[in-house]
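Common to both upcoming complexes is chain A, partnered first by chain B, then by chain C.
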Partner chain A sequence: MAGGLPKRILRETEKLLSEPVPGIDARPDENNARYFHVIVNGPKDTPFESGKFKMELFLPEDYPMTPPKLRFITKIYHPNIDQLGRICLDTLKDKWTPALTIRTVLLTVQGLLSAPNPDDPLANDVAAAWKANETKAIATARQWTRIYAQV
Partner chain B sequence: MSDSDYEHDDEDKDNDDDEPDYLSDPDDEFFDQVEPVLKPPPGLMAKEPRGPMGYLDFKFTCIGPDELMSRMHDIVKQVNAIFELPPCTTRILLSHFNWDKERLLERFYDGNQEKLFKDAHIVNPFRQARVPVGNSTILSVDVICDICLMETSHKQLEGLECHHLFCIDCWRNYMRTRIEDSGNALAIPCPHGKCDILVNENIVYRVMQPFPDVIRRFQYLSAQTFVQQHKLMKWCPSPGCTFAVEANSTRGVPVMCNCGYRFCFSCSSPAHEPVSCKYFQLWVKKCEDDSETAHWIHANTKQCPKCKATIEKSGGCNHMVCRNVNCKADFCWVCLGPWEPHGSSWYNCNRYNNSNAKVARDGQAQHRQALERYLFYYNRYVNHMKSLKFEDKLYAQIEVKMRDMQKLGLAWIETQFLKQAVDSLCHCRNTLMYTYVFAFFLTKNNHSILFEDNQRDLEMATETLSEYLERDINSDSISDTKVKVQDKSTYCERRRQVLLDYVYEGYESDIWEFNMM
Partner chain C sequence: MENDEIVSKLGSLLENLDIKSSVDVKSSVDIKSSVDEATDSETANSLECPICLQYPNYPIELDNCKHVFCFLCIKGVCLRISRCPICRAEIPRDIAFAGITENQLLNGTGTKEVSKQSTDAYWYYEGYRGWWEYDSVTGSKIEQAFQSGEHKLNVYLFGYNYTINLDKMQQCREDSTNRVRKILRNEVQMDSDKKGVAGIFSTKNSDK
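And now, the complex of A and B:
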């Protein structure tokens, strides 16, 4: 694959730009077609509503045989996302298959914001707080969204 | 039972006939329990080399890497004689049941077959159209591969029975990634995102044909998975060894790999007969833990009776003044009571019966006793372990002696007895080492006393053999040496066998009482 970009990445990029996922803006970096700047809008009726969450996405050399690398840049209070913005998502790890795409991964991330799963935590303290007092945890998440997730 | 009962025949009369005599001494109070136990079945004595101890029906074989594949194919064939399915399908089914044929057969005929295939992640072989997937000629127009999004001629498409087709290049990349990174070659799913049908060996061989390195790795992983899944197989844990051992039971019995390494078939630790896996692990943990440090602190230091700070006596005077600035208690080291009533008797304490002081003293005595007990067994265990390491040196010395003997005109085969004697010595030391672990957890009763007597017999015989081998060989003529060494090592092996049989019989008749400590 020296030099040229695989057709698969070109096609995916084209499609992402022409028919974007609702609530998600993903565009490649000017200098690196494998690096994407992503902004995810917090889904409605969640503590992340009205937040704009910046993410970075990178397609490794052997993509799509290995999954894209994805990370939140904006601070977020979520049991499956840790301090560094790393995401606990099976499709980004062992459940990845080459038939999945950037689009499907971003949709899953959106889904994770709508349905936090404190039983399979990455950020243990957040997950513990989430389980101990969900109302309070949701309030904190809302507060963080207001403070950090405004672009 | 007095010591003298046992000492008479050890040094001078250790030929075969004398040995059981004292054990059948009718005056012996343990005669009734001993008699059936200490006479091993005649067949066992004849076996050489001695197999796994105690469990006579336990059998094992060592399997090399090439044989392993054929063992796997044999099982597939056996099952296929009944099922008549494609071998690659049967193999996935067997793997799903951890290579337990009986369970697979049971499920296959009793249960819901549709569910069975679904659970095993394969397409029901009775329902699929028997059209070879790779060469389907449905269309001749170009299609788009869902992975690389390139237009591909239909001939280039490949797929499993689930009919999710992708171009051969994508398949190759996919399999290479999965086979090179994954630890389980039998659990690669179809690349389609929502399909969990497993990749079978046929498609691997078909697609990866031009890449023998990947195929070799696939076969290696298959064998790896096969042994890991098979309940009656274990890899030899010795570093770099490629053999596996197959047995007819999962019991914790020592097995010996072709490479010479002896290990426990149940827990894969170094052979630890006669102690069971459970107590062996407990022992290892105990030795690794800091718990013994705590014991030491309890046994060799005392606590200030007021602030509980740990103190160690550093001078001769029994008048202790706690150095804790907030405490500064004055007390007596001997009775741990307050110093005041001691008046001017600086070095002696006769106030023994102060009740608080007594509790403190008793607690400490207990800790001290537990530590002493542990150290007693630990020292003996470590001593044998160290001796066992020195026997490596002995092997080298013996090698030299064997060569010297050959120069004096003996045939190579005639000198082998020396090496065999060192082998026996090592076996006995290994067993002795773990008898101390066994004894540590054992609750004292009549059986444990008998066990200790057996243990002592073996220990004395082993030490004598060790001495012969290290020192006495040169002093006698070769033929005398040979008789002496052979007699002694035979005797040692026999004592070892008797000890192990006694322990294993005890396991089966449940006479051992253990204390978890």
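And now, the complex of A and C:
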């Protein structure tokens, strides 16, 4: 890795480990301090409840000037997350500001699981299904959680 | 600024950013608790730059929105997008491209003093029309590497990685530009010859 690890990343990592976000486990890879293994617990009263969703988070070279790269590894049935696990979140794209942190980003992901938004889909059929028949979509999401989101 | 005030400001920030209400404002403020630098003990309860999460070095308050950052941090933002990282208010691009003067730094909050040994020297880079002193933190990092006989080191400045080559006495930005600048070590501090520190014009020489 070119360049030392900026102090900010050390600070954020220390804080994440000493005061974890409730329901989220995020820890750096032992060989790469910019790569985090993340497990997000599905929030209560959602179709993702009792699921454990694996994610990967990477801090690019010019972080925090550019946003972290974040992706679901575990399959999830969600209108704002595509088959490759990519997440439709404006704060991870054009709405990123360096005042946001790994912590705030993960909280936002948790929020997205609690509040799927099929009106702003990531070009996938899940959003269409969600809008056509929400009850059925929620049942499918629950089933996927049972099948795939068990660590 | 009191912590409560920061928390309330952050609260309104998060609203502006459309972050879900589940966001725990207090935990995201990250008020400094650990003290790992010599000068931090004096400033443990004070302000933190939202970009580097440390006590602001060469702090500057934005005219429009009054948010405070390290000069080098906000310069890094400004090189990419000219909006305040907290509230997205527009900020003058001059901060990054024309530099500022000492007088524009925030009063009442000092520059981070890095303890200097009597044998330490001052480090400069060649910039626009003259020599600029490195900021206090970077300067002392380079001096440390120099004294322990290293050939090169990497420093992180306003969001870019730079390689400092102590054999060639050059700095090089590690991105597409690969811009190379000469660097200089001086036993005594340049006074009238230097333009300023890290893009902050020295007011003594503003007539030059």
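Definition applied: the second predicted complex is superposed on the first by the 147 of 151 C-alpha atoms of A that agree within 3 Å, B and C clash if a C-alpha of one lies under 4 Å from a C-alpha of the other, contacts with A are read in each partner's own complex, and residues count from 1 in each chain.
By our rule, contacts are C-beta pairs under 8 Å (C-beta built on N, C-alpha and C of every residue); 3 or more make two chains touch, one makes a residue touch a chain.
Note that this is a predicted model, so its numbers are computed, not measured.
Novice: Do chain B and chain C fit side by side on chain A in the superposed arrangement, or is it a clash?
Specialist: Taken together on chain A, chain C would clash with chain B, as the superposition shows.
Novice: Using the touch definition from the top, say if A:R8 reaches chain B (first), chain C (second), both or neither.
Specialist: both
Novice: Between chain B (first) and chain C (second), which does A:L112 come into contact with in this model arrangement: first, second, both, or neither?
Specialist: A:L112 contacts chain C only, not chain B.
Novice: One more residue to check, A:P98. First (chain B), second (chain C), both or neither?
Specialist: both
Novice: Compare chain B and chain C by how many residues of chain A each one touches, and report the one with more.
Specialist: Answer, by number of touched residues of chain A: C.
Novice: When the complexes are fitted on the C-alpha atoms of A, one of 45-53, 117-125, 135-143 or 171-179 in chain C overlaps chain B. Which is it?
Specialist: After superposing on chain A, the stretch of chain C hitting chain B is 45-53.
Novice: Indicate the residue numbers of chain A shared between its chain B interface and its chain C interface, in ascending order.
Specialist: 6-8, 11-12, 62, 64-65, 97-100, 104
Novice: Given the complex with chain B, which residues does chain A contribute to the contact?
Specialist: 6-8, 11-12, 62, 64-66, 97-100, 104
Novice: In their shared complex, at which residues does chain A touch chain C?
Specialist: Residue positions touching the partner: 2-4, 6-8, 11-12, 14-15, 19, 21, 61-62, 64-65, 90-91, 95, 97-101, 103-104, 107-108, 110-112, 114-115.
Novice: So in the complex, the part of chain C that touches chain A is made up of which residues?
Specialist: Counting only chain C, the residues touching chain A are 13-14, 17-24, 27-28, 30, 34, 50-54, 73, 76-77, 80, 83, 85-86, 88, 154-156, 158-161, 163, 174.
Novice: Would you pull the chain B residues touching chain A in the complex into a rising list?
Specialist: 146-150, 164, 166, 170, 173-174, 176-177, 189-193
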